[in-house]
Structure formats: C-alpha cells, structure tokens
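Listed next: structures, encoded as structure tokens.
After this come two complexes, each holding subunit A, first together with subunit B and then together with subunit C.
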Partner chain A sequence: MSTENPSPLPSSDAPPSGFKNPPPEKPSDIRRRGYVILSFWLIVALLGLPIWWKTTSIYRADLPLQEMLDWSDGKACRPVFPLRISIQANSLQDQEAQNLLRLTQHALDDLNDFAGHHLRLQLSPPVGDEPVRATDNGSALTIRLSPGEATTATLDPYEPILDITYPPNNIPSPTASSSALATYIASQLRSTFAEEQATISYLLSTNSMPSEHRPLGLSPESAESLAKRTTRSLKYAPTYHLTFSLFTSGPLPSSWDVEAAIEEYMKPVLDVLSPIHNFTIDTQVQLYAAPGVQNDLLYKQDLSSFINAAEWPLSPSIGGAPTINFIVFVGNQTIVTSPETESGGSQSWLIPQWGTVYLLAQPYDTTHVSVETLKQPMLTFTSHLFSLLGTPQSGSLPLRLSTLTRIRSADLLLRASSTLGSLARLALALPSISIPSSVADGVSKTMYHLRLACDTLGGADGLAHARVAEAEAERAFFEKSMVGQLFFPDEHKIAVYLPLLGPVAVPLIMGAINEFKAWRKRRRERAEKGAEKKKE
Partner chain B sequence: MRQFLSFFLVSLISFCTLSTCAESPTSSADYHEQLVLRPLPLSALLASFNFRSNITVSEFEAHNFRLFPRSLAQILQHAGTRELHLRFSSGRWDSESWGARPWDGAREGGTGVELWAWLEAETDDEADHKWLTLTNALSGLFCASLNFIDGTRTTRPVMSFQPEGDHPSLTEANTHLLFGVLPHEVVCTENLTPFLKLLPCKGKAGIASLLDGHKLFDSSWQSMAVDVRPICPAGGECVLQIELTIDMVLDIDRSKRPRDNPIPRPPPGHELPCNTSKPYHSHDTCFPADHEASQDWTLSQIFGKHMKGTCPLTDPAVPPVCLQVPNSRSVYVSDGVLEKKNLDRVSRCFEIRPDANFEMVLPSPSKDDQQATSLIVKPEAPLLYAERSFTGHGQERGGVQTILRNPSSDTEVEFIYMESLPWFMRIYLHTMSARIQGTKGDDNSVIQEVYYRPGVDRARGSQLEVRMRIPPASTVFLTYDFEKSILRYTEYPPDANRGFDVAAAVITILNKDEPKTGRFAAYNLRTTSLLCSLPTPDFSMPYNVIIFTSTAIALAFGGMFNIMVRRFVAADEGPELGLKLLKTKLKSRFAALFKKFGVGKAKGDQTKEAEPQPAVTE
Partner chain C sequence: MDGKVTVGRTAGLYVGAAVLRLAIFTLLPGIPDLLTGRVEISTPVTSFKRLQEGLFLYNHNVSPYDGGVYHQAPLFLPLFALLPNASSYPIFTYLLYIAVDLLSAGALWKIADSGEAASSALFTSPRKERRWSGFVIAAVFLFNPFTVATCIGRSTSVFTTCAILHAIAKAVSGNPFGAMVAISFAGYLSLYPFLLVPPLVLLCYDKQRSGRATKSVIPFAATSVSVVAGVVGFLFGMSYLITGSWEFLPSTYGVQLTLSDLTPNVGLWWYFFIEMFDSFRSFFLGVFWLHLSCYVGGLTIRIRQQPLAVLTLLLGIFGIFKPYPSISDTSLFLALVPLYRHVFPLMRYTFVIAAVILYASFLGPAFYYLWIYAGSGNANFFYAITLVWNLGQSLLVCDLLFAVLRDEWEVERPEMVGKEIRQI
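Let's look at the complex of A and B:
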C-alpha cells in the first residue's frame, strides 16, 4: 500500500497531527530482545517437545518385521516333507535289492514334479517273518516285496505296509537301466501318496508361497475338490468336544442308548485318532425341538436352515475345545437330493466345520432308541468325523492318519506364518498402535518353534512344534492390550491441546516473525547506508 | 408356609391312597412339575411353578444328559461347582397383606440377580478363579450381566447360608461358599427364554406352556430360581437335582385386561363392584366392594394362553396343577380333568390328560357364598417383618435403619441379618445399635453375635452379619451410620445421578429344631434394595479444567512474554492503534475506491470525502 505510510521512519516526511518518532533503540536492547525470543524458542524445542514426545509416545516393542514378512511370504522356510519308505525284500539278495532300489528311486524322481514332497527309498535290513512296525525306523511306509505269480500291489488295512508281489523273472539285472518292476513300484507309490501330495500342494498354493515352490500339476477340478474339503474341515485343535444330541419335534422318544452305541461304533475310531487328537464327549436329549424348516421334503437349500439355532441348545463347550455336533433328528423328513428322484436315498448331511445331522425315521410311538437303530447314524458320524478333521479319503487307515499328521503340520506351519505376516503388516499399517513386550516375546517364540517345525516337518515333533508356534502366534496377534487400544480421534486431541497451545503459540510465533522482520529491515538499512556511503 | 408344605405332602398321600401308588412320595422319578395357584387378598394371585429333575452322579460325570440341561451341567463341571443357587427377582412381596412368602422364602432373592454357590477348590485364589469362570459362563447362559459380579460384589458369608444338598465327599477345607449380588440388574424376558430352555419340555407342553414374558414381568412380584444340589438318599446312588422355580404374584385386574387393549379405563358405572350393604348406596353412590370379591378368573385369562396338556416325562404321581381355595368354592374345569379335593379342606389338585388342553374357571362366588366365612384361604402371618431405609441427609454421611418386627405373641425369633454393602459405603461399626420397642426387652440381648469384614476400596465390599434374637411381640430398630466416599471420574456409571443400588439384606431365620428336620433355615426373607445417592461430579469437569488452566497459563505467559519482548515508548510515539488506525485505514480504502470508479460521476462527493484526510494525499 503505497498510499498509506504511517510508519515513523526517520527518512519520511514530517508526521501528521503531532506524531513523534520514538528515540532510536539501543543496540544492546535489540540484542537482548533477540536473546529472549531465542531462549523461549529453545526452551520449547529442547525441553517442551521432548517432554511432550516422551509422555505421549506409545510403547512399541521391536518386532523383527522383515523376518516375519519372510515367514509369511514363504521365504524363511521351504516346506519339505522327506518321506522315507523302506523296502523289505527278504527273498532278494542284497545286491539285487540295492539295484532295484536305485532303479525305483530313479523312476520316482522322474515322476515327481513337486520338490516339497519327496519320497526317499531305503532298504530295511532283512528280518524274519514277524511284521515290521512302521514306526520303528521312522519310515512312513514299508514295501514288502515277495515273489509271486503276477505283479500285484495291496495295502495292508491295519499297518502302513504295501505288499507287492512280483514274478521272479522281473528282477532287474544289475546292468539294466530300467525295469518294469521298478516303474511299477514307483507308480504304485506315487498313486498311494497322490492325495497327500495334492493336498499339501494345494495348501501351499493358497498360502502365498513363492511360485518356485509351487507344484505345477493341479487341475482346476482337483483344486476345487480340495478347496471344498479344506473348508469343510475344522481348524486344528489338540482336543475336540463331541456333542451327540437326540432331537425330536414331539414328546417322543425321550431316551436313547447312546453310551453303548458310542462305545461300540465310535470309540474304536476315536482310539485310533488319539495320537493326533483328544476327544471329550457329551450327549443330550431334547424334546419339542422344532426344526427351522417345517417341510417334510427337504431340498438342498433347506438343509442350511434346518438347524434351529435360536431354540436348540447347541451352545459350544466352554472348555476352549472346538465342538463338533452330531445330531440325530427323529422325524419323518426326507432329503430330496435331485428334483427327479422324490425319494432321496440320503439321510444325513454334513455342515462344514460344525457337524452332522442325521434324520432318523422312527415309528410314532417309539419311546426309546436302541443301539441297533443307532448303528447307521454312528457309522455316518464316524465317516463324517474324518472329513471334519480333514483326513484324506484314500488309502488304508494308518496311512490316512499319518498323512493327516503331515497335512496338519503343514497347515499349522502355514497358518502361523501367515499370522506372523498379518501381525507385521498390522504393525506397519497402524503406527499409533502400542505393541507390548509380550507380543515381541510371542513372536520370538513363534519363530523359534516355526524354525524347529520347519526342520522336522513330517514327524511327530514337527506337529508339536507347529502346534506351539500356531498357538503363540495367535496369542501374539490377539494380545488384549493391542486389540483394546484406546483410540483418541484427532478432534479430541485438538480439543485438549488447542486451549493451551493456541494462546501460547500466538505470541511466540508473532514475536519470532516481528523479530525476523526487524532484523531484515535493519540489514537492508545497513546495506542502504553502506551504499550511500560508497556513493558519497 | 408350613401349611403349604404340609398341603403338598397331604396331596401326595391322598393321591396315593386313591390311585395305585407305584412310587413313594420321595420317588426316584427323574422329573416332575407342579403349578400351585393361591389367591391372595387384594385381588392378587400367587402362581408357583416348580420343575424338578434329577440326574445320577455317574451319568453326570459321563456327560450323558437327558433331563438335566447340558448347557448348565457343562458350566457346573467346568467351574467345579457342587451346589448352585441363582435368583432373578423383581418387584416387592407385600407381606403385610400377602402374608408369608412361598417356599418359606427359600426360593427367592433380592431385587436383581443373586447367586451363591459352593465351589470345590483348594485355595481361596482358586475359588475366586472358579467363581469368575462360573459367573462369566452363567452370564452367557442366562443373558444377564452376571459377569459384573466381581470382587467388590462378592462376599463369603459365614453364618447365613448352609448347603441344602448332601455333600458326603466334601470337607470344610476345600468347599468355598461365595455369594454375589447384582441389585441393579433388571430381570426381563431375555432371562426367561434361557430359563425355559433348561426344561425338558421347554415351554411347549405342561405347565411351562403357561409361562409368558408379558405376564411374568407384568406381575407385582416375581422370582425365578435355579437350584442345583446333590442329594444322596440312604442306600441309593447320589443324584444331582436341579430345581427350577418361578413364583409370581399376578394382579388379577391387570392380567384380565385384554391384550389388544391394555390401556386401563374406568369401568362403566353399572359394572362397578359396589358394597350394597352400605346405607348410602344408591344408583349414583358406590362404596367399592372388598377386593376379594373380584377373585373370579379363568386360567387362560390371567396367563394369556391355554395350558397344553402335560409334559410326558413328568412323574404321573404328582398332580400338575393345584389350587388353594376353600373347598366350599366351586371350580369348573375342562373335560377329562379329574378334580381331587385334599383333606386339609383348603386345596384341591387336578389330574390332566397328557394331550388335552386344560382350562380352569374360578367363578365369582354366588350371593350365599359371600356371606360365608371366607372366599380365599387366609394368608399365614410370616415369622418376621423387615423393612430397611436410609436415614440422614447430605452427600457425605448417611445411616441405615432396619425395622424388624416379630408378630408372634409367644415365640421369639432368632435370625441372621446379613448385609453386603458396596465399598463406597463405609460403615462406622461403632454406631451400630439395636433398640427394642414393645415388651420389656433388654437392648443388649438383641445382638448375639456380629461378624464384620470391612471393605477395601475398589477391591472388596463390606460384609456384615449379625445374629439377633427378638422377643415375642416386639420391634427392633437396627441402625448404623456410614460415610459415602467419592468415586473416581471413570468409576461413575452413565446414569450416576440415578444413584447406586445397595443390595437387599438377607435375613435367615434359624430353624430351632434343625437336627430333627435337617433344615437350617426356617424362613428366609430379603428387604428391599436401596438407592444410595453419592456426590456426583459435573462430568464435563476435565474439559473445564483443561480450559481454565490453559487460559490462566496462556494469560500469564502472554503477559510475561510481552513485557520481556516489547519496547516501551511514549503514547504519542507509538504507531497508531485501535479504532483510530481502523478509521484511517477504512478512509484510505474508500478514497482509493472512489478514485478508481467515481471520478466523473460524483466530483462533489470526492472533494467532500477527500478533504478531511490529509494523511492520504501524497
């Protein structure tokens, strides 16, 4: 504004209406004012800010973020399941057996396209005729070779043993580079472990493993069926709680021989599963339990709403073990599987990760359900229990169980790794969340056990370590003080800070600006004076 | 109330004599249910629902549940509970007009929720831990805020409670009695629904089909009770018994109101029940007739629905419905129902077919009956009347006065008075005194024994148990003073100005012939709960404090800073300030504006404007 120039500069014209200029300031005063303002700012910057920072900062324990991300990306561990398969060939000479083993291993390696699942053959010392226990030497399967008339292969139903017979003339000569028998054994082995391999490779592929570890051959159909099966199975837990319930829509029947039925049809299976899972059991009878669907014909879409969750007392057990529900519903409903066949043959259905419902048709006046009547439901429950636990479907029972161990360890390992990754990403994404030291503890424990689990994959130790790792990772992720972090919105902070900082900051900033302006003016004046002097 | 029980026995015995009595009254039948209806004075009706089922201990331990609810059993097993008593109550039992309480007061609690249990634990800490598990699990099961029963609301009564069941395997050392109470809890339909789920026949058949949240929680007083106790008959296997009880006092007039038109309206003049015996009775004056006259109702009227048969699991030896009216009154029932009048002449029971709906009509008494002695059974007087109230004024101190009256003219009562007070009520125990009025009693002999456990701030409430003895026909005033403490800002509930509920005092009248009957308490009663108002702060206080202190600091800082930084000059030496500066600024602006636009238009204006501002001209 050139029109107004009220500043009392000594160089300007005479001021109007008796306006006087103050006397010039002493340089020491000017300097002192500069010091005052500077010291205030120094106090704010060196004392105030650190105290504020210190008192409002949130404790964040150091997490090995990069390592955690490595685990979740699969860079830290390459899951490898070395499966040892011992060959027992009592009738072969050592030389011949070695040769056969070498050829078979060759054939296997040629067939195998998935590095994570590796079958390694070994020769077990020839023993007598007594059955060899597979667990003795840590091998997953024993192949028992015996001479016979034709080439046949049978899985022993009770032991992890594959019996292979061969015509004596099929023994490969020491110089042969290939042999029909070796190829046959290799393909038998491969088909035995095909499902396990597919499952593990599916697990790996769904868990963001880097592509080089991924197997190639997984057709969309098999992937879909595997996906179905994995979503069906429950999360791994050391203990499961089984609840057997008898529901009727009317007053009858009001009692059942469930204890005897479980003892007879279910207990043997539970005993077999006991190395992997523990089970607790309870039973109940509920009368007047109306289903969620009142129709007599149940179509596929009705099945999901059949369970009347609001009225049926199916509360999960309170011990922390996941509950599997097995429901026998006494009623005359029939399931219509397809629109063409009105009388469906099926009487039960499986509810993924929850349990099974079995429709039991009984005469109107039955008061008591006997053991014989419960046989079919119990057998259905048993087979559904396997799929709820995620057991593979093919192979003999011991083989299926050992496969279950390996699948579960891989699953737990991947789960724990991905939890670690989520925790790391959470810590990165929310800079204002506090991380207590217990989380860091949990993370280090998880990684320790993950490392051990990764090194001993495939064995019982691996499962135990993976279990611990998973539990620790979950605990670290769901740490209470982290989840329940008090959140102060920014408006709240402004409301608290502004009444103090506003009035204090305004004079400070204005003082600093004025001082800066005055300093610039003084410098300009000095420069002008210097120039004038030079001109003169 | 003894009458009530004796009636029960009599009814059983009479039934046994009539029919083929297969089982003894204390039968091992696993389940029975019974509804007892008792008209009370002032047009009230007491309905007592009782459901009892048993499970043998071996089946309980094998987790095979048939009649015993699995959800509750799991909780009991998980929390190591040996005996459990849970009460949900609301309303007030008017003992002045209704007399003694049902079940001798053993199946009721104070307003809100009450829970006491015997837990098996080695140490106190373990018991506390199990108690926490139990309250949290029950809170989920019954949709009640039982999880708020924390250390401050839990006490360990010493004298007031004794286990009801038989505990052969337990010793004193590893059994812990814990008592928790939530007086603030509002009992409502969400608590009834899980309650009904515990019954074998749900609410679908039997007397439970009459239960309806609308009627139950509309009643003048109601109490829902869950009792689990082990019972070991001599020579038999121990059973775990669960007893579910619902007692409610219905206001008949209110219950009979149609559901679609529930607004009370005065009846038209010709329908008013008038006492015609008054001399001034005419067509336009009416003296209201006695309330007892309105004791005419039907079952479906007062409960809003029909009773659907009987539960097929129930013990056939126990009649499902009983009514306590004098035998002289006539009662109409639906077809196929067998009416049996009991020998005590004041009650009758009904045998019901399992599949038929049951309906009962209590007609209004005929004119002759009205002259007869009584239309309803006269209520029995309770052993003790108790009322409790706050005394004193102000927000700092207060007092509690309990008036205990022994109505009996010849027997004295001995009882235990228990208070569990919140920690913010600090008792001055030395001020506790008992003043006796009535007979020539001695004040000092009233209080026999005192057990007091002082509260700890924010950790434990105070517990006071007093054993007292009141001579016949006298009244005792028990008073004590207390101090109200100030809570922390975050400890106040959202409705702090409403006040803080103080749990009901529990009064247990000791049974004089305990060795004979085996019952510890002859009668139980609870006082009403109290509402204690504490000094309540203004809850915007923190912000006010922030603003105040900030302003003060800012003022001090600004002044100091300016004194240190500003340069002081004479008034006429400084730059123009304030209004003057504004004026000159405005003038210069206007002048500039006019120069730009109004040069040709308004010369005169311009000269007029420009004249008095010499500072602007250059």
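Let's look at the complex of A and C:
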C-alpha cells in the first residue's frame, strides 16, 4: 500500500461537464515519493540481495569424480587374489620337487581361465614331521606329498593341508614335458578352489567390472545356484546379533539350558569366525506362542508364514547390528517334505537373511529342555549360520573360512566402489545439490582404504580396510543434508520463490518503472522548455 | 470533551482497573493459569510459564537457558527472584503486573493529553478539536479485554508495552534522553522495538524544548542512536554479569531471529516455516525480517509530519508480521488508535474491521480447541482463523493510514473536503 502513489487524486466520476483536472503535484511531493520508493529499493538491494546470495548459495566440496568413476568401473583396482600354495615334499629330491612344481604350475595355468584368481605354487623348505601352519608363511594351502600305494588326495579337516599320496614311479623325469602326477595335483587344486573361484567371478560379473576382467565359463546353472546362495546370506556386517528364542505352544517347557548348549556346541564355531565377525547373543523364552500356521502338518508353502511376526517378540535389530534369529519351537507340528509320504522328514528350515526355525517335539509334560535335547538344534543352527554368513559349502573348515574372508573382502570392495560411483554420478547429474565437506572427507577416506584393501586383497588386512571403506562410502552417500535435496529439481524453485516474492515484487518494480518514466518525462519537458526559451 | 479531570476521577479509573484485575486473579483462581497456557496470549518469548522455568533454574544456579525453554531477557530473572515464589504467594506477582498496566495507562494518558496526535510540530489537523481526553483513552486501554487478558495471563510482553508507551510519552513531553532509554529497554526485552527508533528520533527532534534545541536532524539522530547503543550495551553487560555467559544472546534474540520454536501463535510465521523446505529456511527468515523492517523507512519518510502516526501504524504492522505476535501487541496498537479520534470519520471500513476482529477473537479459541483437543480439525483451521485475524488488523492499519493521509491532503486541498476520492 505504501509503495503506491500515496497522494490521493480527485476522482473523475463526476459528470464530464464539471470535470476538473487536478492541480499539478508539488515538487516536494514528487521528491518525497522518490525517497519512499528509494527506501524500499535500498532495503532490497543492500540487505535482500546479500541475504539471498548468502543463504541460497550451494556449497559443493570438490570430489575427485574421475577417480571415483574409475573405482566403480573397476579401472582403479583389478581384484586379484594371488593365492600361494606351498608344496611340501619331504621325500623328494630338491631337483625332482622343482621339476614337479614347474610342471604342475604349467598344468594349472593351462586349466585356469580367470586371471583374477591365480594360484601360485612355491616349494616350502622340507621340515620334520611338524605340519607347516598355513598362516606362518602366508600361503593359503599346503600340499603335503608323500609316497604311497596309489594316487589319492585328502583334505586335512583341521588344517589347510591337502595330503596327496603318489606311487613312487610317478615322479616325472627331469626331461618330461608333462606328467600324470602334475596334472592330477593341478586338477585337485582346481576343484578345491572351484567354488571360491566361481563365487568371486559371480560377484565380479554382477558388478560393473569391465569385461576383460570377467571370467568366462560360468555356466548358467552354477550362476543360478550362486545367486541363490548370495540372496540367502546376510549383508556383511562386522557384528551380528544372535537371538535364541524358545517358543512353546503351551505352558511347558518353561526353561532351557541354552547357555550351556551354546557354550558347548556353538561357541567353538563362533570363536573360529571371530576374525571375520563379532557376535553378540541374547536368549528369550515365550510361552503360549501361537505360530502363524496352526496346522499339525506343515507343507512347504506353510513354512514362510510360520513365523508369527505380529506377536512374537522378534525385534528386527538390536543396537544397529543385524539380527540372526534362531528359534526352537516346541509343539506338535511336523514338516511334510513331499506330499506323498506325509511323514515328517526334516525338522528345521532356513529363512533367507533372517534365521532358522527348529521344530522340537517333546512330551507334553516336559518342563525343562536339557543340553542333550538341544544338541541337534544347536548343530543345525551352526550349519545354518554358515549358510547365512555366506560361507562356501565345499572343502574343509579352515579352507571355507579363508575363502569366506576373501569373498567378503571382494564383496565389500566392490560394494564400496559402486557406492563411490553412484555418488559421483549423483554429483554429476544434480549440479544444484550441495555437497558438504563431510562427504568429501568420507570419499577421500574411502579411496585411501580401498587402495590399501586392493593392495592387500586376500589377507586379513584387506578385509579390515574393505570394511572401513564400505562404511565410509555408505556414510558419505547417505549424508543427511544431501538426501533431502535428491528430489528437488530446479523448477521447484519457482514454486518456492514466486508465491511470496511475486506479489512483493510487482509493486516494487511497477513503482520503480513509473518513477523512472515520470523522471524522464520531466527531463524532456525541462529540455523543451529550455529550448523554447533559447529560441525566444 | 471534558476538560477538567479531577484527581478523584483519575484515582477512580486506576482503582477500578486494579480492582477488576485483582478480582479476576483472586475470585477466579483458575483463570490466570488457563490464560497463561493460551497460545493467543503466551508466545515462546513472552510466556509466564517459561519464565517460571527459567526462574527455577536461575534460583538453583543453573544457566536459565539450559533445556531450551526460556527465551526471555535475563534481567527478568533478578526482578522476579526478588518477589516471593509465584505459586505460593501469587499476590505479589499479580500486584506487579497490575502496577505495570497502570504505569502503561499513565504514559498513554500523557501522550493523549499532549495532543500530539492531532497537532504535531509540522502539521495541525483541521479536526483537532474532535478528540478524546486522556481519561477516556486510558480507560479504553485499561478495560480493553485484550489488555486485561494479557495482564491476567501474566505475559511478559506487558513490560515491553509499558516501555514503548513510556518512550513515546517521554518523546512527546520533550525528553529525548528518557525516550531513548525507554525504547532501549523495550528493544532489550523483545528486539523488535528497535525498529521504532527512526520515527521516535524524529518525534523527539520535533518536540525538542526550544531552549537547547539542536538545529540539524543528523547530529541529533546520531546522539540518540549512541544513547540507545550505550544503554543496550549497559543492559547486555548487566545480563552477562547475571548469567555469567553470552549464551543469552542466541537464546533470546537468536530464537526470535531464527524462529527455532515453532509453537503455534496468532501470527503468520509458524505455519509458513513448518512447511518450508529446510534449504530455503534461512532465506525466507531473511525475507520475513526484511519485510517486517521495510515499512519503517517508507512510512517515516511519507508521514514525516506526524511521527506519532508512524509509530502507531508500525506497532499495528508489527502486531501482524512479527515472529511471535500475541494479542498483547494488538492491545498496544488498539491503545494508540483512539488517539486518532479526529480522523475516525475519514475511515471507510470501521464496521468491517470491528466485525472481522470480533469474529476472529471468538472463533480463534474455538478452532484451536477443535485442532488440539477435539481432534476434529487440523492445523489449517487455526491458521485460517489467524489469517482472518491478521486480515482484520491489516485492514485497520490500512484504513488508519488512509485516514491520516486524507487528513493531511485536505489541508493542502481545502476545496476537496468531503468529496469522494479514488486512490490511483
């Protein structure tokens, strides 16, 4: 209101006969109006524009976009797992052993079609009967050659050792270009690491690795089974929370010796897994727990709805760590594996990425579940825990665990790289998104740890670095102030600015234009007057 | 109208107003607490409840700003700490608030009696005979339901009101120093009165005593502003000594500037900033504050001849557009409007304005109840009614502005008196 010409003028709605022009405005009034308009414009120009500039300018930290994209395209790091295999041949001459090693390496190289996963043989110095520990010399597997009746190969169940016996006449001669024993060792090694190789090549192929690093020869069936296994296992986390629950359909049993059972049957496995994961454990007992399916016979399609998620106190995650649920259900239900037999075959099933349910049949007056009764459930849980963690299924336990380390490192490395790539593409795609310095910080930390992880891939350090890199990458990508702006295109700014500033701007601009026009008119009139005067 | 106001009538008015308040306080003990909790009366920066919280922390040697509830000036704390506990001996608090109201009325009375509204130093209205006496104006203020409700609700904005009215009273009675000190107190308590300094300086300049008058306005303004700066600096220093840190600055003025407490009130800011995108929040805070302050320059220049009219209109505008308005700000504006009795005939929408303000006053609490307690309405209900409320106030501001300008214009163009005019 006050920006408008505040001097009211007489109306012209009187009949035209009595029409009278208003007297001209006084110069003082004109000057005053100019001042009024100027006062508004001064506030807009001196305070409004700096405030606008200061509060809406976007801070974009510098990101090493090209490097980030290189990481996600796999150009920055070739995931190579150089696995060293020691050959321990106490009974062979050094010369013979060297020769065998060379031939076996040739055979291996011929068999291998995947450059990322490379087996390199080395000869370990002959020692006494003391078994060589795999971790001592950094090799993933030790081959112990000993003369015997026939060619056999057995994996040591407690150490990463492959025992191979051979008939003494099978030793290749120094001049031979091939040998049956060498080929045999090579094929044994290959089959031992086949699953690991397949898993890693599957991981690489599902990520956006360039094709030259991609292994060929992954059959659709094996890819499918690997996909199934990957979807079954949980996302990697440094810590998992294990919840052991006893649910009973009636009032009994009301107590269980779960602590002793875990100590006895589960703890050894958890200890073995401790370099890769930490575990926290809690237990609970719930009486009168009604399952989601009330039938006595459980068919395959019932199993998925057996968990009564609404009533059973199974919290999705405690303290940030993902939870794995192990449920012992005491009731009279049985599982029907095939419709024909109608007899209970198995007693447990695994729920992908969630946990395991074990149906425990007990006499109805049992009040206490003993350690012995819990043995079978605990063993089942242990084996399911391996599946849930994504451990490969073949091979001896130490081999499976070292394979798990390598698979997880590769997985984390690839995930962190692809998160970096997504972040880089996001920064490129949305030029108006603000990038706080904490994101740049996270990115540089991620890349530092990725580099270290890439260099030490396959070892324990590699896993630790990959873990840090992945956590940092996730934090940088899900930065709170950026997520909000993700869906804020530039066009929306019109909707933000216009409703308020539009109506404010109209009188301001119109006032300025009118004033400018009047000023020009006055100047012209003055000039004309001056000219007339001169003429006179 | 009635020229002679006897001492008896004055005393009668004050005693009547005091007795009315005291009666409500004592005979209806539930009312004060009820009104204290009303959003129309208590805003986050004036609430008596929050003052109690700050006082409790202060008395227990904890910083009153811990916990983020108390957003008022630190100097309230020693003042209220002197009084006995408000919950066990509420009578002393009541008496303090009543005294503040009566002081405000006294200042208003002085302003009215000076006749500044109708005949300033540079302008004399042809209608100046038509005016109410100070008695009537003080009575209108004291018995205005908004004023009474604010007093009963013990909102600390009554102190600001008192300081502003005293600043104007000092200014019209030719005491620039007193006016500047008073406006500094008001600004110290609620920040926005600092925007009143330019017209107040002009008012003081116009009303200087002829004996020691400063000729030019610029040195005069510089002196006045330095007085304000000095007094505010002194008050800040005192606050620092009391609270022991500068924490009070972000907790009091910072909250007003950044609107971090979004408790609903009768103003326009809270709803807007609830809906605002976070990334634009600071920009629109700047826009709203600039909008609030941009009227000062324009109005001061345009109605240079009547600085009191500028002050009145600005108080009306602040009652609408400030971050945490309450009915207390409206009551201050409505206290000054009757000074312009002489231009009332020139106003065009008096009926509409009265109707809209009454409508909003009755429906506002009802809509708030529907939203918060009954749950059958939502925030839009209350916001809609506050829009109506502010529409009524802005109509009153515009109409008063129109009437004042028309009054000025008729002096210039006597032949147009009483004719229809059209604004272009």
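As a working rule, the second predicted complex is superposed on the first by the 425 of 536 C-alpha atoms of A that agree within 3 Å, B and C clash if a C-alpha of one lies under 4 Å from a C-alpha of the other, contacts with A are read in each partner's own complex, and residues count from 1 in each chain.
As a working rule, contacts are C-beta pairs under 8 Å (C-beta built on N, C-alpha and C of every residue); 3 or more make two chains touch, one makes a residue touch a chain.
Predicted, not measured: the structure shown is a model, and the values here were computed from it.
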Contacts for A:288 in the overlay, against subunit B (first) and subunit C (second): which applies, first, second, both or neither?
first
Identify the partner contact of A:431: answer first if only subunit B is touched, second if only subunit C is, both if each is, neither if none is.
neither
Name the contact category of A:363: first (subunit B only), second (subunit C only), both, or neither.
neither
Which superposed partner A:36 touches (first subunit B, second subunit C, both, neither):
both
Contacts of A:24 with subunit B and subunit C, given as first, second, both or neither
neither
So, A:252: does it touch subunit B (first), subunit C (second), both, or neither?
first
Of the two partners subunit B and subunit C, indicate the one touching more residues belonging to subunit A.
B
For A:56, is the partner it touches subunit B (first), subunit C (second), both, or none of the two (neither)?
second
First, second, both or neither for A:496, with subunit B first and subunit C second
both
In the superposed arrangement, does A:220 touch subunit B (first), subunit C (second), both or neither?
neither
Need the overlap of the two footprints on subunit A, from subunit B and from subunit C, as residue ranges.
1, 3-4, 6-8, 36, 40, 496, 500, 504
List the residues on subunit C that touch subunit A in their complex, please.
277-280, 282-284, 286-287, 290-291, 293-295, 297-299, 301-302, 304, 398, 401, 405-406, 409, 413, 416, 419-424
Which part of subunit A faces subunit C closely enough to touch in the complex?
1-13, 23, 32, 35-36, 39-40, 42-44, 47-48, 51-52, 55-56, 434, 481, 484-485, 488, 496, 500-501, 504
Complex contacts: residues of subunit A adjacent to subunit B
1, 3-4, 6-8, 16, 18-22, 25, 29, 33, 36-37, 40, 243, 251-252, 254-255, 258-259, 280-285, 287-289, 311, 313, 315, 317-319, 495-496, 499-500, 502-504, 507-508, 511, 515
Subunit A partner, complex, touching residues on subunit B are 62-67, 69-71, 73-75, 78, 137, 140-141, 197, 200-202, 204-205, 311-313, 543, 546-547, 549-551, 553-555, 557-558, 561-562, 564-565, 567, 569-570, 572-576, 584-585, 588, 591-592, 614-616, 618
